[in-house]
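My structure is below; once you've seen it, I'll send some questions.
Letters A, B, C and D mark the chains as written, and numbering starts fresh at 1 in each.
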Amino acid sequence: MLNKPRIIAVIGGGQCSQQETELAEAVGREIARRGAVLVCGGLSGVMEAACRGASNEGGLTIGILPGENRDAANPYVRIPIVTGIGYARNVIVAKSAQAVIAIDGSYGTLTEIGYALQSGIPVIGLNTWSLARDGQPNSSIIPAENATDAVSKAISSITSQYPD
Amino acid sequence: MLNKPRIIAVIGGGQCSQQETELAEAVGREIARRGAVLVCGGLSGVMEAACRGASNEGGLTIGILPGENRDAANPYVRIPIVTGIGYARNVIVAKSAQAVIAIDGSYGTLTEIGYALQSGIPVIGLNTWSLARDGQPNSSIIPAENATDAVSKAISSITSQYPD
Amino acid sequence: MLNKPRIIAVIGGGQCSQQETELAEAVGREIARRGAVLVCGGLSGVMEAACRGASNEGGLTIGILPGENRDAANPYVRIPIVTGIGYARNVIVAKSAQAVIAIDGSYGTLTEIGYALQSGIPVIGLNTWSLARDGQPNSSIIPAENATDAVSKAISSITSQYPD
Amino acid sequence: MLNKPRIIAVIGGGQCSQQETELAEAVGREIARRGAVLVCGGLSGVMEAACRGASNEGGLTIGILPGENRDAANPYVRIPIVTGIGYARNVIVAKSAQAVIAIDGSYGTLTEIGYALQSGIPVIGLNTWSLARDGQPNSSIIPAENATDAVSKAISSITSQYPD
């Protein structure tokens, strides 16, 4: 039986600022350095920056694409998964990960956060959504200081869930 | 060509308090009285209460079921849609509606809110999630005072999007 | 509790000949006359002809749309279900029905036949696919002579599965 | 930009005979020897045998799981993709591949064949379904003699579609 690699999702907007691009790329780099596999939605913005970072460190990158065309993947996706199920693919991005790092993002990112939390998958946040329900703050999203802190928190949460 | 009925989704938890049950039932009743079709996730809690309310007023109720078994629908669902796609069916509940009314709810409800807002479908909230992003409150969820107010706001938003 | 209506799917190509159009329209008419609800993929060709037939007889028609736009439904769909999941919606067309009538059709129709048979849902065929496995004919698709025969066989198979 | 690996799906039953197990394992071995990535449904039977073959040759194996539990993957899946969308995941198995090899299989396999052919993805068959439509044989499934022949035909078809 194989010793399976850890899998971390990076989620966030298909368009993002220069600052978020650098943050996502640093997150991707750190994921690869820690030996984990990066899963994402496979498109542009945060997804592309994270894949570029991971790819430059020799990491494995998987892009869960919404459409039917494998060529829609950003150039740093090594394994494109072609779903054809549109934004319902957000479920798969979230649930395929053992921990999720959210960087900024819009409503699609919000659905991925919801799906991860529903499955008990830890979500680490960098400048992203915060939640309250019925007037009470919900602290399920774990805040991180920077890229290294985010990946460390992701790895720690995986290790505590899936001890060797 | 048919004059198509308005379609309103009611979303919320599969388990809920007595107060939320009464609220959901009142929302369902009002949807039926206004001649709209109720779509929901087809299961228990808020979904069942809303269907009961609509059904008692002679309204049409559609349940978008996550599993493969039509008998999992609550007894007030008239048309069970059997998806077998699990919680990815949340996309369909949100996107099939012209307006969404959220009553309380947990992370699944949060994904439905995200999908509706992503598609520009108005979301009216009753004691449900509130959102902030990057420290700024997000006011996309339209608050309502009570069941009648929620349905009025849903109908108004549909009328303004789809004028006769 | 409601006495739920029977639900019959009509599947087939998005483009079809005049002969198949007439056949599909006759199937739709007969489904409505027998008091059943018609579910289909909501688009053109066989789907539109069947919806037109059912609609002209006052039947309820449900279109399970692949895309994100409710206006893509043919004009005879009364309740558009907006999935956004592309051709994965074929699962839902098949599994939401208690019996399926296949008229001609291409590879998408083949997937719907496969999904129905996988779930033990009877498939009645009019000029459609026939199957063999490992060299042996597979007789799971029940052949019908004409529209009336197809709907009679669909209703009979539902009655035997779900006796009153 | 990365030179992306070729991706070949192996589809077939979750239960299979000793003969099919050996055939699937040989197909998996050959896929890995040719440097391609193996994608499959991630469960038992043909899927597990193919993954075991590929894994023993050091190949990368990806399992597109129907459920919500990553531990449902067979032990030779290196990257489990957790979809939670049930048998709608068959779309993803088919569409993520550049060529599909079908070994025996039942109705689920039939849906994967249909989805692949719908997208113009070549399907190579080993003791699997054969198709006819409206009484005419459909020769879309390319027959193979044995495991090596099947993988050669898969690689050839990919090379002709995606020349370097």
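As a convention for this text, contacts are C-beta pairs under 8 Å (C-beta built on N, C-alpha and C of every residue); 3 or more make two chains touch, one makes a residue touch a chain.
Predicted model, so just to flag it, every value in this text is computed and none were measured.
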{"item": "Comparison of B-C and A-C by number of C-beta pairs in contact, larger one", "value": "B-C"}
{"item": "Same-interface partner of A-D, chosen from the options B-C, A-B or B-D, over half of the pairs matching", "value": "B-C"}
{"item": "Label of the chain whose CA centroid is most distant from the centroid of chain B", "value": "D"}
{"item": "Whole-Å gap separating chain A and chain C, where each centre is the average of the chain's CA atoms", "value": "40"}
{"item": "Computed distance of Cα centres, chain C from chain B, in Å", "value": "27"}
{"item": "Chain A: positions in contact with at least two other chains", "value": "68, 83-88, 91"}
{"item": "Arrangement of touching chains [line / ring / star / complete / other]", "value": "complete"}
{"item": "Touching residues on chain D, where the partner in the complex is chain B", "value": "68, 83-88"}
{"item": "Chain A residues touching chain D - in the complex, by the definition given at the top", "value": "1-2, 4-5, 7, 37, 39, 55, 60, 62, 64, 68, 70, 75-76, 78-85, 88, 91-92, 95-96, 98, 119"}
{"item": "Interface residues, chain D side, partner chain C - complex", "value": "85-88, 90-91, 104, 106-108, 110-111, 113-115, 117-118, 127-135"}
